[in-house]
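Every chain is named by a letter (A, B and C) in the order it is written, and numbering of its residues begins at 1.
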Amino acid sequence: MATKTVLEAVRDALHDEMKRDERVFILGEDVGPRGNVFRITAGFLDEFGRDRVIDTPLAEASIAGVAVGAAMMGMRPVAEIQFADFIYPAYNQIVGEAAKIRYRSAGGNTCPLVIRTPYGGGVRGALSHSVSVEALFYHVPGLKICAPSTPADTQGLLTAAIRDDDPVLFLEHKKTYRLIKGEVPDGDHIVPLGKADVAREGRDLSVITYGLMRHFAVEAAEQIAREGIDAEVVDLRTIQPMDRDAILRSVSKTRRALVVHEDNKFGGVGAEIAALIAEDAFLDLDAPIRRLCGPDVPAMGYAKEYEDAFMPSPEKIAAAMRELAAF
Amino acid sequence: MPNVIMPQLGETVTEGTVGKWLKKVGEQVAKYEPLLDVETDKVASEIPSPYAGTVTKILAEEGATVPVGAPICEIEETGKKAEGPAQAVPGPAQAPAGPVAPAQQQSRGDGVQGDDGARYSPAVRKLAREHRIDLRGVTGTGRGGRVTAQDVATASKTPSASPPRLAAPSAPLSPAPPTPTAVPPQQAHAVPVAPPSGEDSIVKLTPIRKTIADRMAQSRFTIPFAWSLVEVDVTELAKWRDKEKAGFKAREGVSLTFVPIVVSAVAAALRQVPLVNSAWAGDHIIQRRRVNVGIAIDTDDGLIVPVVRDADRLSLSGLATTLAELIDKARRRKLTMEELSDGTITVNNTGAIGSVISVPIINPPQAAIFAMEATVKRPWVVNDAIAIRSIMNVSLCFDHRVFDGGTASKFLQSVKRRLEGPPPAL
Amino acid sequence: MKSEAKIRAALPAGLTPEALRGMYYYMVLTRLCDDRAFALNRQGKIPFAATCQGHEAAQVGAAFAVQRGTDWIFPYYRDTALAIASGVTAREQLMCLFARKADIFSSGRQFPNHYSVPDRNIASISSIIAAHVTHGVGAALTFKMRKQPAVALISFGEGSTSEGEWHEALNFAGIHRLPCVFFCENNEFAISVPQKLQMAVKNVADRAAGYGFAGVICDGTDPLATYAAVHDAMEKARRGEGPTLVEAKCYRAMSHTSDDNQLTYRTQDEIDALKLRDPIPKFEAWLKERGLIDDSALKEFKAKAQAEVDEATDWAEAQPPPTEADLQTHLYANSPTA
């Protein structure tokens, strides 16, 4: 076991996979000598060479498109979009191309790439360095999406994503990079895609969540445990494919569901989770399904007041839990 | 004879106009040879013949606009090698309609007891069904008095404390048919209550007490009631009873108290003044045909009202026996749902606890409740002289929406006449 | 009439008289498939057809410059001749028109001419204009990384060269001197938008300088001229000298697709004049003139091609379509495949 931050877990997964499989290479802005703006790939250029650590032009569409082409030829590219806020030009390639290649060629061509990007707020990143983008992508069949929040899950999932034969969008919450430390098993540590994790077991209500909010939810659960409310926290870890069974298992047990995510509420991933629970766990529900999410404004503003108003916090989550428990 | 149809020229096109026929009836045409000109709002083209043969019929004239897929001419094929599918596909195949889930009619009758229209969550209903709990007897600890799944779970584990199962009475009042009005919660006329001090003690509400509280409040809050009392001289009746009671007991095995006598009189009076045997139903009054008299009984748990069905058809001994059984069952908590249902009027024997005047609370949806008070010897004026007579007050508290004082009076007088008249048949 | 030896000597490197006759056959076969597609459309049997008439020489010339089995082709939806000359059969072409389940490109999921033939090194494309250009660049990057002697031939129309991704692709390829050839079939119209509204430069090839490599123009109605230009570019890339932008000037004889009516933006006279540039009779005359083919061989070729297309039509039409049961196949790696 080693204790590391989420950032170090990303680095280790990338490094170990590049060592293990020469088809794996990295491309993105500033990934070379700069070692990525968060220093994730520091030292990689020296170790793996210019052929496998490629500084691309400032052109997100082609970062993704070139990765698609290489993946079609059997390589395992890990493309980086420097901030999720910049992913929109690559949307065409991710959604219109990568996600569809296997389906449209009836298996003739495949696209085993990974696109990694830091997302999320709480770092005073303002409107263009704080967005969550999962809702724009999880709607797309053919694409997989990971959103881990612990070092162990990050390393295990990124490793699995690189080895996955389907295109994977790998979302790293930038606030967790340095904030969250944890133990990661040694050796070939894999976390399978599509499996949620019960971060905290409980009996009275279920919180379904992912990303930074997993940590806030656990903190909130500890707070209200002292008031006699026992909350279960389910961390999805993968958004697509979503672990429906874990969600339904938890809600059938506790009968009360609270979805927490940082992303805007309307049309967010929580809407799908709520629909799934309503469709398949209706008879088990003792309270309406609730969602605690970011407000429906374009992102969090630069002023701390805006950021605090936008971000869910352990206190806000605890309040929502209390209200749900009292229904 | 194969048809040639109007092709779909363009993805969103739905019709085409026949321009010029390039072949006439009787002419030969080769496969793929131009057959006619067609115009749509997107394109104009020559249409090649799908078959080799002779044109035998023109079905759409030049200038005619026909929908895509409509037959436009017939060609008799020269017999030779078989074609592929005989008919041309009229247009792009329709996307298969996705499976449509049949609209689920959630039936109200899902086997849950206590389905009186109150809102229970799916989990609560499921648990109630599984554990056969009557939800009306379950106290809700959720917001606004809501019954939670935990409440039902608790109820299913504690048989004595309360929420009665199917076999036991669940409500102090006859279960009513579903009424649209929800039980008004305590808020409406709440007066701030000083919190308990160290010397005070808290009496927790049993489910029955809670239900009684809700139902009494609902009755008083929603029914504009009026009350009328008459004094009944039961001296002769009392003498008669004294004479008969031993023999009655020996024959019937049950005591001859005033209760069956009064119930008999009430039942007969209801036949005479049927409006008193009614229910207020919002925009109409339901006058009940059957006379089912509920008897309010005080038990350790609280007030309970078993019902004597068709009381007007029972003899005095029948009434006495039935009443004795019901009372016994009530005390032993063995009353069934049926024994607690369908009452059309309630008789309250407040006399049994020494009351001489009382104003009982109507048991909705009934229109009236009848009180019989204690029989007390009083100085009375008889034939302008003072005598000592046994006097029993009887009163009717009634829903003034359904009938007025006159009717109430008629009813009470009818009861009085029977109780003051010749003794009942045994 | 020159002797065959002299003719051989005069041919561009890698071409033989047999190859030339092969080119001619592919052009004719393509033209017949193209005509058949429109006939079927106007019969109401298929909902959609896209033409490559006017492009046959450019595409066949380019196809012959590709090393089969080594190089990869990233075509666009007008590249019927390129596909047929690279090994796609008439049956396979017709089957995609009928959207049959056994359609090798996409099992009936994509529009006609959306090629994908991995066993013949033709990559899967979509309807998104220019989206495949970065893919070709990614493939070229892979060839370089793996030190394979392969080159990516990426073809597109002049309209594609307005897309941002097209520029990003050339930029990337130029920076890294990747082994690819950007092959533009300029037919002067992107549906109805003429070239002068599509770009400010006179030639698409002029753009190459902006990305640090050469742009070359050739006559896209001459298969040999196109072959020569593409062949040079492919070999240059193979030697590691980076990409070339080859612009083949051709024309589009018919409307953009079966859903278009070019009379709304071109005159009949203009269209009639194009017929004079038809590459097939031109090449036929060229071959005859040099004694590389005679009338009876021509007749035979045409009959053979016609028979091939007829057989392919009937065969493809008789194949079963996909059903709802096929909806979920090939979505993810662990999806059902049949």
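Convention: a residue touches a chain if its C-beta (ideal position, glycine included) is under 8 Å from a C-beta of that chain, and two chains touch if they have at least 3 such contacts.
Because the structure is a prediction, the values reported are computed rather than measured.
J.: Per the definition at the top, count C-beta pairs in contact and tell me whether A-B or A-C has more.
T.: Of the two interfaces, A-B and A-C, more C-beta pairs touch across A-C.
J.: Mean of the CA atoms for each chain, then the mean for all of them together: which chain is nearest?
T.: A
J.: For chain B and chain C, let me know how many angstrom lie between their CA-based centres, rounded off.
T.: 74
J.: Measuring from the mean C-alpha position of chain A to the mean C-alpha position of chain B, what distance in angstrom results?
T.: 50
J.: Averaging only over C-alpha atoms, locate the centres of chain A and chain C and give their separation in whole Å.
T.: Averaging C-alpha atoms per chain gives centres 41 Å apart.
J.: In chain C, what residues contact two or more other chains?
T.: Residues of chain C touching two or more partner chains: there are none.
J.: Once bound in the complex, which stretches of chain B touch chain A?
T.: 121-126, 142-143, 146, 148-150
J.: Which part of chain A faces chain B closely enough to touch in the complex?
T.: 255, 282-287, 326-327
J.: Sort out for me which residues of chain C touch chain B in the complex.
T.: So the residues of chain C touching chain B come out as 39, 41-48, 255, 258-261, 263, 314, 317-318, 321, 324.
J.: Enumerate the contact residues on chain A facing chain C in the complex.
T.: By the definition above, chain A touches chain C via 25, 51-52, 54, 56-57, 59, 61-62, 64-75, 77, 89, 92-93, 96-97, 100-110, 141-142, 144, 164-166, 241.
J.: Quick check on the complex: what are the chain B residues that touch chain C?
T.: Per the stated touch rule, the residues are 5-11, 32, 38, 42-48, 50, 68-69, 83-85, 88-93, 96.
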